[in-house]
Each structure stands twice: as C-alpha cells, then as structure tokens.
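Look for chain A in each of the two complexes below; its partner is chain B in the first and chain C in the second.
The block that comes next holds the complex of A and B.
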C-alpha cells in the first residue's frame, strides 16, 4: 500500500493539474498582477510609475471611497439577512411533492434567470416617481409618490428590494436541496413525541441545514459586497453618490478616469473586506459546532 | 448519405475567405434595426438612430467590395472603447463627442486624420467654426466632425400663453436671474405646472451644460490650465443658487431621470425643457401630431442671457480613428466611408443637430427646416472647451454629481462646488 502512495499522488495531481493551471492563469496570476499594479500610478494604457502605498493612502483619505464602502456594507446588511430568511421560509413552504409547489418553485426561480438590465428596467417602471407603479398607487390613495431613486434615504432600500427580488431563486433551490437531505424518520419521531412546528424547525430542521445556511449566507455576502449592475443602471450611483457601491467606484475609476493603479488598490481593499467578512462568518459558525 | 453530409460540411469549411477589406464602426445613438434594418432610403429616415442605420445600409449596398461591421454601444460608450484600446483591439471608426477627443489625442490613442480626410475628398476648410474648434487639436485634425450640439430652451407655447408669457407669437424669455424666478412663479401660478422640466437623476451632463454656459457668459475661465478647474467661484455659486432656488420652490420638475423628463415635456407637464438640439426632430414631430400636448405649440430658443453676454457652450459628435495597424486597402475603405458620410451631412441635420459643414449650413434646404433660423448662429458663435481640457467625460460625471447634490439640496452649494473642484483637481494631479 505504502509503495503505491507516491505514484497515486502523482496520478491525483495529474487529474487536478488542468484545473489548477486554469485557476492559476485566470485567477491567481491576475490577482498577483493586480496587487503589483496597485503600488503604481498606472493608467489603462500601460503607463506605470511606482508610488508604493500611495494609492492605498489616497483611498483611505477619499470621502467618495468612504461613502462607497458604507453604501456597500449597508446594502449587504439590508439584503443578506432578509434574503436568507425569505428564501428559507419559501423553501419550507415549497418543500412538498405537489404540483402547486412545483409551479411556485418555478415562479420564484424565474426572476433569477433575468439579466440585470431587465431587472432594473422592471424596477424602474415600478419605482420611478413620475409614472411608476408605486407612484400610480400613491396617486390613487391621494398621497405624494416617494422618490425612491432620487432620495438618499430611500435609494439604498430601493436597490436592496430590487436585489432581493432578483436573487431569491438560487437560495431557495439550495435550501430545498438541504431540506430534502433531512431524513423523514426524524420528523416522524418528532411527530410521535408531539413536537410542535416551531420546536421541530428549531431542533431538527435548522441544525440539519446548518451547513446550507452557512453556504447561503457566505455566497450572498460575497455576492452583495460586489453589487454593481443594479446601482449603475438604476441610479448611476446617485443621488450625490448615495448609492455608489465599491465595485461601481472601481468601474468609474478604471474605465472612466483610466486610473488603473487606484482602481486595483480599491479592488484589493474590497478583496480584503470580503475575505475578512467570510472568514469571520465561517469562524463564528464552526466555533459553535466545535463547542457543541 | 452520412458521407455525403460530411463531405458537404468539409466543403463548406473550405469556402474561400472573404478578401474584402473590413472596417469596424462603433457608434452610439441607439439600436433600431427592427425598424430601419433593411432600408436604404436616407431621405425617408428619421431620428438619429434611423438616419445612421439607413446610411450604413446604403453604404453597404453601394460598396459591396467593403465589409462593414457595426458595433452599437450604449451611450456614450467610452468605458468600452477604453477597454478595447487597452486590449489592443480598437474599432476603426468611433463616434466621439468633440469635448472628449483631447483625452484620447493627448494620450496618443488617436490617429491624426488630415491624410485620410484628403483621400476621402473632405476639405477641412469647409468645417463650421464650432466644428473646427472641436476636432482640430494643436494644428492637426483628429476627427471628421459630424455635427454641433447646442443646448436650447424647448418651449411649450400653449402653456406659456396660458401664463401670459407670449408676445407677438413669440415666448417671452427672462433677461436676468430675478426675471427668470418671477416668470417661473407667474407660470406656476397660472398653469399649476413647473416652469422648467429638468432631469435631476442619473443625468450629470444636464447641469454641467447649464453651468458651463453661464460661466462662459460671465467670462469666467473654467479651466485655467491643463491641470486645474475653477468652480468654487462667486459666478458659479450664483448660477447654482438660481437652480437650487427653482428646485426648492417647485418651479422645476423633481426626481426625474432623462427619459422621464423627456416624456414629461411631451405630455405637457411643464413649460420649458432646457436640453439639446437633438430633441428638435422628435418634438417637431409631436408638434405636427393632432392630439399631442405639443400640437402647434412648440418653439425653441437659445439659452437666454441671464448674466454677462450671449454665450453657448457647444459640443458635437465626430468620427475618430483609434490608432492601430491598418492595411492600405483598409485605409482606403475608411476614406471612402468618411467621404460617403460627409455627403449625407445635410440628412443628419434633420435630427436637429447643426451640420458640421459650412456649405450645408448655408443651403436653402437646411434653412427651410423648422426653427433652424433661430439657432443657426450657434454653429459660428458656440464656444467649445479649450483644447488643453482632458478627461472631459469623467470630469462631467464628477461635476454633474456634485451639481445634482447642490441643486436638489443634498449638499450646501459651497461644499458641492468645493468638492467638485477638489475631485477634478485630484483627477488632474494623477494624469501622467
């Protein structure tokens, strides 16, 4: 057994080598290049001048970046918990083998297949205070329509609602997959013990889908910290930068202002933020498991 | 049978490669292939998108020896262009605002076009003064101008009459900031509608054009040199304060983006829409349509003189050639395409934009187009930004964002102008 270990390891490496090579070329190498460029005053067309941590110092003192980081964190906070809770509730409701549940599963997943352009177009028709659906409803009730896309206090919730509507399908599917892994006999035992719905959910369902829950929260956090299309298309980051996210700021700096060095520094800051937040989430959940 | 199919497939793969020179043209102005996709009748086409699509169809029909590939990009398309140039794969011809040409010219990303225009039979001496100022940088021609864009007051004369602001069939326009406020209040009291229709959401260029115009009118130097902007000035503060006052008193529409503001004016939702020449064509069509709120009730006028002297900040569209290696036949194809476009500049002026060529401007057919007599002077007197002004597209976004915040009351005017100045100067400090 022992003598075959090395060749087997080589075989295994040979199998994963194509993926590792692709991963290295497409992800690791650009990441390292990005870190390198972030230490330069660089433009999009090749000019480079070494400035050390200059771009990072500028970013830390830039009020536009502070605002973008605040907006991004607030959006993640407004999107991830409600989206996770809503997806879990819908998955619980749809976790049955009936024709109606299958139809509703399809309906709830349908928004996820739309492109961000279509999603923002739909929500512009709903939110615009001039002739949008909500404006018409407000008019019918004799109230002034709310300027969802031009009021700094409303624009972030408006983008959060748009995103939740768009992103609901995938977490529902993940939760359904998780729920279908829970053995039916555990539920039968709970029923024999006359456990209530809440008790069953809290002591059987939730622990059983704990890993799925962690996956959903982590995927959504990573995804929402990179929110871009909705903000760019619905508001362009306005009003007054009130809905500018970090990725939108990176896009503007790189492709509008051509400041590639500064844009990559912002991208590295975002990368560090995502890494810290996801590792923190992972540590919080696994720490409890270890303690348990 | 199966072998026959395979043979056919192989033969199809062996088809002779297309030897025709290919030119890749990248443009904005929208996509309307469904309506104009097969049409070659340029005279019958309307709208910017329609006329340009029909022109391209006609060029292809008349020049079968050239392969024309068209990329339609969302306005203004500069992020895509920057990415294409950075990737070493730029198109051959691109629509570009004249105010943006310096960005690319300064970085050596555009080819001077003096030679190709001579080959195309296009005489640069025939450009209008405004067009010439837009495409000639440091003595060389960097683009073929396509038009001159001016900002105008588009006016609903029925509502103006209702407010008692018409005299001898012409709208009465203000001659000072105080008069503007007085007329706006009078208009709102009489009609119940806002005097101005404006886009305050996601429309940065809207306020920038107003600010530039009225700073130029007061003789302010906005860009004193290639690395500084001057916005935190008394002149700028009073311009922004006027528009802040209009917004605060509800004398202008609020919370609208550009499509909503455009629709609002068509629906008779306000008196004056201060927007560009490009809306003349569509609004003229509305004015001729019975049942429209603008039916026989549409007029235009240059921005009124509120401070200093008459001035108009103008821009324009142009065709530029990003720097790239091209064969002689490809250059000849580009020259032929530019010559073809130049011959149809009069048709383009039906959109409302002013022609870029002086001979077209002087034709009776152009002068016979509705309202053109009111604005023709802009092609001579309109002021472009100085040639040393770079990154205008990005700067317009930064200034516009701060102006939106000031006008809508999100930020105090002083702070917004100081922030705009700081942000633009920081951008300039980073330029190589």
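The block that comes next holds the complex of A and C.
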C-alpha cells in the first residue's frame, strides 16, 4: 500500500486551514482576550488597570450576581426537562406518515422561526394582567387575574413557559430524525414479543434515541443558561431583579455601567458553568452506555 | 388436525387487491414454502398470519383457535424477519429473553430455554455480544434462536436466507432442515428461490396475481403444474411453451401440431380436448434433446449455450421464431450459430389449454 503520511496530512490541513483561521480570529482570540480583560479594571473606552482576581472576588460577593445565577439555574431547570419531555412526547405522536402529522409538525416548528421580539410580543399579549388573554380568561371565570410579569414568584415560570413554547420546534425535529432511524421491523418484532407500549418505549425506543436525547439536553442547557432576550423584553429583569439572568446582568454591567472588566469576568464564570454542566451531562450518559 | 387454516383471506391496500380469497391448510409439523414472483403477496400473507397486518376479511385458525383478531404476541407464532430485526441495544441473551420476560416466563425457565437454543444453534460463545458485533450469518442464528425459545406453534420466516452469501445459504439451508426435525411446530417460509423451496418444503404454495396458483409437493408441482404460470415459474431454465393445435383422431392420447408443422404424439389423455383447439405444448429442457437430422422432430439454430459442467442447456430458435430450450451432455460441442435437430420426448410433454389449465401425461400407464 502506498503511504503518504506527512504530505497527506499537510494536504488535509490546507483544506481546513481557512476555517481554522476564521475560527481562531472570531472565536478563540476574543475568548483569550476576554480572559485577559477580566483581570483588569477596564471600561469600554480603553482604560485598563491590572487587578488580578479582583473582579472575580467582587463577583463572588455580589448579591446581584448570586441572584442572577440562581434565576438562571432555576430557569434552566424549569425549561430543559419539561421542554425535552414535551418535545419527545410530541415527536412520538407525530412520528407517522399521515397528512395530519405533517401538518402538526409544521405548526410546532413554526414557533421556532419567530424572532424573540415577536415571541415576547405574543406572550405579553397573553400574560399582561390588565387585558391579556389569561386575564380575560380569569375574568370570565370570575377570578382575579394573576400578575405574571410583576410578581416575584410568577415571573420565572412565565418566562419558562414562554421559552418552552418558543423552543419546542427544533428538539421535536431532532427527536423525529432520531425516531426515524429505528427500523419498523424492530417494532414488529417487539409486538410479536408481547411488548406493550411502555415496554416498547423503555426497551426499544429510548435506547435507540439515547444519543439524540443527550444532544437535545446539552443543546438546550447551553442555550437556556444564556437566556437573555425573553427576560430583557418581557420584564427587563424585574421585578426587583427577580428575573435577571446572568447574560442580562452581564449586559447591564457592560453597557449600562461600562465596566468591561467586571462584565468579562462574569462572562468567564458563565462559560465555566456551562462547560461543567454539559460535561457532567455527557459523562453521566456515556458512562452508562459503556457499562450497559 | 390442521395446524394452521386460512379461510377466504383477502386484503387490499386502498384500491389494489393484494390477496384474493386465499384458503390453505397446513398440517402439524409441516414445512410449507410460499413461492412466487415479487409483489405476489407472499409477505403480506405471512404478516396477516403473524398479525402485523390485518386482513379485510377471512379467518385465520391455529390449532383450533381463531387468531385473526388477536394481537401478534398472543397468537402463538414466532417470526424470523428478512433483516433479522434484532434489538440492537440488547445482547444476544437479552434479545432471546425479551419476549419470554414479557410473557412472564419464570427466570430459571428462560435461562434453560436460552441455553438449550444457544447450544443447538452453536451461539453459546456469543450470548453476551450485541448484534452489531456479529456477522450476518450469526445474526441469522440469533433471529432463529429468538423464535425457537418462544416455543411457538408456528414459525414464520420471511426470506430467511436471502441475506446470506451462496456458501452460507446452502449451509443454513441444511441447518434449517435439521432444525425442523427438532421443533414441534409447523413452519412457513417465504422464498424467491425455488431451489430453496424444492429442497426444504414438504409442500409448496405458488402464489401469483393475488391468488394461490397451486399447492403441492415439490415433485408434484414440478411434474404436474396446474397451469401455464406455475409451469413457467417453477423449474430452471423455464419450461418452453410452444403454440400448437389439437389434431383430430381417435387415439387415447392427444396428438398436436406445432405452428411450424411438426407433429408430436403426447401421452396426455385426449378426452376433454376439442379437435383443432389451440393449446400450448409444454416441454422441459430435459425432454428436448439434440438429435441427428433424420431422428429429429424439428430443425433449429443455436442462439445461446449455457454450460453447467454436468449438462449443457442449448437455447435454439425454430424457423418460425419460437425459442426452445434443449438439454445436452456436459461435454456438448454445439456452438452458437450451429444448425441442430431437436428431438421432442412427447411422452413427457404437457399441454396447456387456452385458459392456462394444465394437462399432463397419464401417470397411470
């Protein structure tokens, strides 16, 4: 066999080089620069002063940051599991070749096409206590309308529901693609093996879409830990910071208070959080795969 | 008592009728092969028996119990799928245990059955492997094993050997033949391959055009095909059907005249055949031989020579354009383009009436 080790590798490198370069310039370099800036007291106008871990120390003691981290984790927890479960259920229901299923697939995917601005407009319409859809419904039932967007206890669930509605389409598509990988005759074999609905799901479907499940959970976690638009546009982080997320806090620090150094430090903390959570998820799933 | 009985089963997909009033009885421990061209409804019939497809009408009985309304798992049948349909995430052992567990078979019993089946199929060493780590032949055995451990009353196999290479197919065929001695159940297999059907089956069911064309032992179907379709479909190379007319006469047996003028005396009883009626003269290659001009019935030109080693098939074209296949010895010297004489063995010839109905040489005499 002809072996062209080194030249072949160079050839391969030449093909990926343009992308690597772009990747380096717009992603890796800013990331490293960000880490550098986070060790400074810096503003948007170029003033820099080295303060070491000062920004990180401030963040650890900052009650606003604590609240934002709490809100963000709570939101992720309220969004990712129900969103995943709901998307899987809908995908299971829509995984058939009928015309009706195709129509519903389109409907569920359509919300994902909307921009966050439209989504928040729609949900503001539904949620506002004075004339919103829910308020009208509550009125008709003779109940007091709930102040979804101005009550500390209700605002997080309200944002979570908005986000679930908005984000449902893509995971459904991923699950449908995963489900279509399972050959029909395997289900037929299961039917002949007296497997009921639950047994079939548990022992045939679930193992087959395990990778897709992991992908959906990881993508959603990464996405929802960076939740920003809905909070900013629905509530502006209020009331009393009750819906301020980490990215919203970063935004306020950077573009409200012009404290670039502190903002990048917060961004690095978020980056680390995301890394830890997703790696943990990956490890949890793949570890069980190796064992079983 | 019949093991399986189908009564007037019919099925359509939308406007297309796929099975038209199919009835069949399968005896206990019998091995039946469904043979037919692609699209003739073999798989559909098998799946109706398994409960994976519902018939539009008709009844399915298994050992005295009507099963057509039962879910697949409750019918007492096991199926081996063409592409095996093993559960990819389970080990071989789990694959075999799955159905038994769902049926509530006690654990020690499950283990015993799996051990037994694994021993018979020689897959003991693979029990902890997953299907993805196995070869096609091994997966095939696992699929068979998964069916055996259920101890069904009826095995259904859809083209079980079609995914194996030629050598493995022959070996597995022998193993299937041995296997059926060990199991106390009837067995139905679908196949495209008539050699497979002829060697394995007690009886063959030839399907075409939505209907059962003929049911019979392999020899029966080969020697006395019920109609022109079966005659052409079973046997390789296919039987030649030469247009002919019945000659008037008072003999016990029919004499026919071929379109080219040659006359052939058959041993097909005359009665029932109308003088001058158009028929087809059916000739298997082994009943047409090469002969010197003076002993020949017909003259023809060789257009193709197929050498199989032990014998040679000679495809010859008659003056009127009809193609006829003759069989010659393995060392035959004929070549394409040669002019040869063909001798027809009228004693073995078949006649097919205009509607296709077959008539055969009188076996009694």
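One rule holds in what follows: the second predicted complex is superposed on the first by the 289 of 292 C-alpha atoms of A that agree within 3 Å, B and C clash if a C-alpha of one lies under 4 Å from a C-alpha of the other, contacts with A are read in each partner's own complex, and residues count from 1 in each chain.
The definition used in the following text is that a contact is a pair of C-beta atoms (placed from the backbone, for glycine too) under 8 Å apart; a residue touches a chain by one contact, two chains touch by 3 or more.
Treat the numbers as computed from the prediction; the structure is a model and nothing was measured.
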Side-by-side fit of chain B and chain C on chain A, or clash: fit
Touched partner set for A:183, first chain B, second chain C, both or neither: second
First, second, both or neither for A:143, with chain B first and chain C second: neither
First, second, both or neither for A:128, with chain B first and chain C second: first
Partner chain(s) touched by A:256 [first = chain B, second = chain C, both, neither]: first
Contacts of A:197 with chain B and chain C, given as first, second, both or neither: neither
Chain B versus chain C as contact partner of A:235, first or second or both or neither: first
Partner chain(s) touched by A:152 [first = chain B, second = chain C, both, neither]: first
Chain A residues touched by each partner, larger count belonging to chain B or chain C: B
Shortest span in Å between Cα atoms of chain B and of chain C, once chain A is used as the common reference: 52
In the complex with chain B, residue positions of chain A that touch it: 41, 43-45, 47, 49, 63-64, 128-131, 147, 149-152, 234-242, 251-252, 255-259, 262
Complex contact set, residues of chain C against chain A: 50-52, 71-74, 77-79, 81-83, 85-90, 98-99, 102-103, 146, 150
Chain A partner contacts - residues on chain B that touch it in the complex: 78-79, 82-83, 85-86, 107, 109, 200-202, 204, 254-257, 260, 263-264, 391, 393-394, 397, 401-402, 404-405, 408, 410-411, 419, 423, 427, 430, 432
List of chain A residues in touch with chain C within their complex: 183, 185-186, 188-196, 199, 203-204, 207-208
